[in-house]
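Here the structure is laid out as structure tokens; the discussion comes afterwards.
Every chain is named by a letter (A, B, C and D) in the order it is written, and numbering of its residues begins at 1.
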Amino acid sequence: MLVLQILIDGFAIGALYALGATGFTLIFGVSGVLNLSHGALMVAAAAAAWAAHTEGAMGSLASAAIGLTVGVALALATFRLVVRPIQRSPAIRAEEREIFILTATLLWGILIQEAIASLFTSNAKTVPPLIGGVTLLFGVRIPRNEILTAILCWAVIGILWLWVNRTRTGKAVLAASMNSRGVILLGIDLSRIHVAVWAVYGLLAGVAGVLLGMFLGVSSYSVGPLTASAFSIVVLGGLGSVYGSIMAAYAVGYLETMTAYLVSPAYRFIPALLLLVTVMYVRPHGLLGRR
Amino acid sequence: MSKGMPPLLGVRGLTKRFGGLTAVNKVDFALWPGEILGLIGPNGSGKSTLVKLLMGIEQPTEGSILFDGAEIAGLSTHLVARKGIGIVFQHSRPLERQTVIETILLGLLPDSLFRLSISAEHRARARAIAEKVGLGAVLDRRPSTLSFADLRRLELAKALARNPKILLIDEPFAGLTASECAEFSSLFREQRSQGKAILLVDHNVRTVAALVDRVIALCLGERIAEGKPVDVMRDEAVRRVYLGGAIEAAPRNGTGAAGAAPLLELRGVGVRYGKALAVDQADLAVGENEFVSLVGINGAGKTSLFNAITGFVPHSGEILWRGQPVKGLSAVRIARLGISHCPETRELFGDMSVRENLDLGGQRQAKAESDDRLAWMFELFPILKSRQKQNASTLSGGEQQMLAIARALMTDPQLLILDEPTLGLAPIILEQLSKALDALRQTGKVGVLLGEQNVTFALPHADRIHVMDRGRLTWQGSPDRFVHEAGANYLI
Amino acid sequence: MTSLKLPALLTLAFLLPVAGRAAEPIKIGVISEAQAVAGASIAPAAQLAAEEINAKGGIDGRPVEIVAYDDHSSASDAVRAFQRAVNEDHVQAVVASYVTEIALALQPWADRLKTVTITPGAASDLIPEAIAKDYAHNRYYFQGFPTSSAVAHMVCDSAKDLLVKHLGMQTAVIMSEDAAWTLPLDATYESCLPPAGLKPLDHIRFSKDTTDFTPIFNRIEALKPDVIITGVSHVGVQPTVQWKNQQVPLPMYGRSSQAINPVFWKDTDGGAQGVIMQAFAAPDVALSPKTIPFAEAYRRKYGAFPAETGYTAYDAIHYIADAVHRAAGATDADTLAAALEKTDYEGALGRIQFLPPGDPHAHALRVGPGFVQGVMMQWQDGKQVTVWPASLANGEMRFPSYIVTKR
Amino acid sequence: MAKTAPLRPFWPVLAILALAAFLPLGVSGYVLGLLTLAYYFGVFAMAWDLLFGFANEVNFGTTFLIGVGAYSAGILDNRYGLPIWACVAAGTAIAVVGGLILALPALRVSGPYFGLTTLVAVLLLQNFVIIFSEVTGGEIGLVVPDVITTDAAGNYWIALALLATSGVILTTLSRSAVGLILQASGQDRIQAAALGFNVTRHKLVAFSVSALFSGLAGSFMVFYMGTASIGTLIDITIGVQIIIAAVLGGRRTIIGAAFGAIFLIGLTEILRPTGEVATFLVSAVALLVVILAPNGLTGMVARKARP
């Protein structure tokens, strides 16, 4: 019974973590950007969906759509207003771009967080679930929405996989993540690819944010922890490796869940953090790191 | 050479493997005090790895390095340096925030954690070293304001400050003018006269011939020749590496296209990297369907010129495509004009399959058209057809090169720029590549601008030859004229 | 940079509204957190109180002026705001913050800058304990909110009536966030629940950064208790929504600070249905004749009912004014503190008195029947229904269908 | 360029210091309090900049060092009643040990990987403070009963002295022989090693020095504030503010970091009347500076100073 509970609960959490981290790693893979406003994007999407439902009296699906739109819009804004000006700035040397992008996206994340707090207060919000009720699975009572969340997460990851492996744009994106110069050589417009990737990233972050808002709820305080968790998972899995991220997401999800069940919910995060430190020492480039 | 006394540096069986690749294979050599030894080899021959092994930057897989009789193989870099080996890196990577004098002082400082002040004696010595290498006038300037030659001087000064017994110098003359080369040469000779041993690393014998006492030639990680510069230049194995064997010209069957209006025309094109002049006043034209070869040793400026044409580096002068200037166009726009660039680095998508790589090349065309071209590519390079599902990174070097060419051709170019396709490839592969190029030439569908250091490979595939040397186009003519006029001088 | 910035600051100081010295207003600084629901009511409620006082002619003719600051929920920000209030804006007293961390951070500053300071919302027992321990240094500090141990006692007292007598419950699991403020709360729960008739089966503390409460609820359910006794403040929306989504068949009962806020229903999208929480004030419960008029006035002015800290901040301004009046207009910290210690004022919260200096909870609010008493409320269909004490109750307990109670 | 180029900012800085020292004669306790806090942040930012400039590592764990130092000092005072100087000394020493622990991953990993390890160090410390709340006071903070002085001017002078001393020592260090080696090691570790320097050892030193000043300032700050809490010392947002201050002031200039901190805290205070949106506005200004003037305030001043 306990084993089943851990298995099921960890599965849903892992799926959410995986979805959140996939976009983060995608953006790093293609444009080399560690977007520290990641958590802010997720929370903004969730908050927008919440507001559309409670303030705008929209249905679950419509408000979720509003959340996704906000996610995409903010991701594109992040790219246009923050990342690209820095990448193109003649005053910033190439080797210093990393610190500048980290600092600027952090600040951008704080801006979004403050805007959310001002508009909707810092209280936690929950997006209305797409479906209600609970169901019994092997004797374990699970909210239907939790099952739907896990399914949706995997569906989105699956669609992403199809997009990257089956469509022209997707393939160009994949190619750009391996060798951006090779893409230019073939006359494929890299800047359009970047826009496409940021849009897809926004969509992923939006879906992750809205689902998180349904499943667990978010507040403006979640911005930092969400960014930190995506960052950890992605680094644990190996930067730029989507498979690594998914693996790491489940490792962290199950470790946290097991700690909460078997040790104490008060220590929930500690084993995962220790795991992270250990992996950094043993495999400095993550579980599936390339180099 | 005083072979009677023990060498300062004795290298035996030195080997370095990176995974499956053997970069340095059982290399033996010795270096005596008061000697300048040249280490030559084409790109990818393992020179740089060898230097890194000596300096402790990479750890050898096997073999021994004796310095003054003591084993230093496997020691970390700072310990090797303290024994008395100094290095001048190929690329200047100056400390951006320190002045010239500070940088030289750095070389004089002991490795102490608690030393705060810099003694007057140190300052005086730093100044003396600066004067010696010709930096006396720029003591308080920062690297960003220095000329290219001064940056090279600074690198040398930093290494000299350590007063090493052995100096490893990687490509000392790249990017320098003739008078600057002479200046550096005399500095090296002076060091030699003081009993220091110098290992000069360079691409070819000619640049260092006047300076070195002895030369070792490396190819594919192995030592292939050793001796006096003139002997090494005459060595059969070395000539094969650089020239690829007997030089032959092959006239094109059918119509040549030299008379047609030029597809690509370069007028007085120059390329600079900061302070280094890589290409100077290049004039060149490629006609419709014409095959033009640009021959020159590594570092001559071929790649820079190609990068200028395809918009990866900015240029001065004029580059015209069908009479229209390309200046200001992005690399993507230029690629879309119909110039396909297949660089020496190949730039394949390693974790994608052969088929996916090719499909990406044909991405901008309609499906049917792309399929046709794919069929043609499989005809041109049959091996690719059987490797379709394999990841590009798992292919052999030759197969990767074929894939790179095929992928470039998939974009339906009117001009294909091929940069060093033979780099590091075995002779058997060269033959296959050669056949494919020949087939391409007979179709008359596309012009080719081929950059090569391997003249034997370049000649049969050319309607015209240009020779490039130190950034300048020094000779042009037909392949058969090249055999008589330029070929003999090519190495020397 | 220093030379550049200072003139700007000084200019700004001149630009700040300086009331005419002739009217000699009583200035009260209010430091709060507008972005947090629990803190957002503090400044508006204080302002309302000041307007009421001024409408009645002020304190013996002197108007009350509120100077508001936002501390963005940061202790160092709050310290700076405090310094600004005292040294720059020369306020006579400060009402500051519902966050315990900030309240504690300001405690030493009340002494250093000799300014009477009242927290309208921090519940930690540490605050009055520090005052009792070092009265000489902390005598300017008052806790305008009951302590967490008082909260726990109230939960136990009500549980005896509502859960044990009424529903026949016998066992409970305490679920609280791992935080310093819950230490005295939990200790009191453990000692007062058994006499009330509820046996604590376990005591689960969880990290306040927890977002997934499934393991916690599953652990609790496995113990088969009759009720979950809560002690949460940093979290609230998330456990509530997950409790509802997972249809945990146990009532949640106890302190849940966020649940008291009128917006909680919206934030949880109705997930709060059936949650029972302890509160010290509610808009429709006449704790005193002043409660409902204040709540209504507040709603008229600001469009929504105040949070719990609105009532305490409103009262705080009034009893500060009362103390100034009793001190015959003297506003130095010592006189004002002495006057505040003798406070006996009927506020919106009930009868306000501070425990005397000798008490282990010196300067904390006196709690109990006849004083600040509080209520138990339950969320029912978007409304907070008062279910305890019987004298104030305006409804019966009702639970969602998936919650199984014995009777 | 003159031969005294490195000494150029000396006189203006001295003038500003002199002016700063006499400030308590002319301004209110509020401005002093504000600057006191800004000075402590200035030390934090300088210590961060030292690590960034010397070791070339983006350290998200600066609040780990501050927190370890400050909490050690605070706990020693709160629980064992040690004299203040002993608490400060012990806090600083423990922070240095923390710095060495933080340096260990830096020897193996770099870039984002190192950044993450330092971030994790902060998160772990935060978790431990909460879990061991009986000792640390948990989320509501730790009361530090002793105080050096309650006088605003006194506290101001202590902070100013600390800022000036740290600034002088860190600047001297950055321009000294060992500083030269440290900077070379940070910029290009292979070249530095090829000149015979033990880069590993120097990196450890850079971390220790950074930790020393972070811990020292952190320890003094708890005695000034009278409390220690996660929100004021350890939280990631504090670390972010410190990084932003250093970048705003002009990275790799040491002294610029101090000005950045004063500017940031000053700006927050100037914008305080805007209430809850102050943080938003401050972040927006900071973001604009980062994007439009990447060399920060010192970069702007330096550019103006040039003809």
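FYI, a residue touches a chain if its C-beta (ideal position, glycine included) is under 8 Å from a C-beta of that chain, and two chains touch if they have at least 3 such contacts.
Keep in mind the model is a prediction, meaning the values are calculated, not measured.
With contact taken as defined at the outset, subunit A and subunit C are each touched by D. Ranking every chain by how far its Cα centroid lies from the centroid of subunit A, the top place goes to B. Computed centre separation for the pair subunit A/subunit B is 43 angstrom, with centres defined by C-alpha atoms. With centres set at the average Cα position, the gap from subunit C to subunit D is 35 Å. Distance from the subunit A centre to the subunit D centre is 31 Å, each centre being the mean of its Cα atoms. Taken residue by residue, subunit D touches two or more other chains at 127, 130-131, 276, 279, whereas all remaining positions touch fewer. Annotation for subunit A: residues touching 2 or more other chains are 114, 117-118, 266-267, 269.
Counting partner chains per residue, subunit B has no residue touching two or more of them.
Remark: the chains found to touch one another pair up as A-B, A-C, A-D, B-D, C-D.
Against subunit B, in their complex, subunit D makes its touches with residues 1-3, 5, 172-173, 176-178, 180-181, 183-184, 187-188, 190-199, 201-202, 205, 252.
For subunit A in complex with subunit C, the touching residues are 2, 5-6, 9, 13, 50, 53-54, 114, 117-118, 121-129, 132-134, 141-143, 145-146, 216-217, 219-220, 222, 225, 256-257, 260-261, 264-269. Put simply, subunit D touches subunit A in their complex at residues 52, 58, 104-105, 108-109, 111-113, 115-117, 119-121, 123-124, 127, 130-131, 236-237, 240, 243-244, 247, 251, 276-277, 279-280, 283-284, 286-287, 290-291, 293-295.
Against subunit D, in their complex, subunit C makes its touches with residues 1-3, 5-6, 8-10, 12, 16, 34-35, 68-70, 72-77, 79-81, 83-84, 86-88, 100-101, 104-105, 107-109, 111-113, 124, 126, 130, 134, 178-181, 183, 207-208, 234. Residues of subunit A that touch subunit B in their complex: 168, 171-172, 174-175, 178-179, 181-190.
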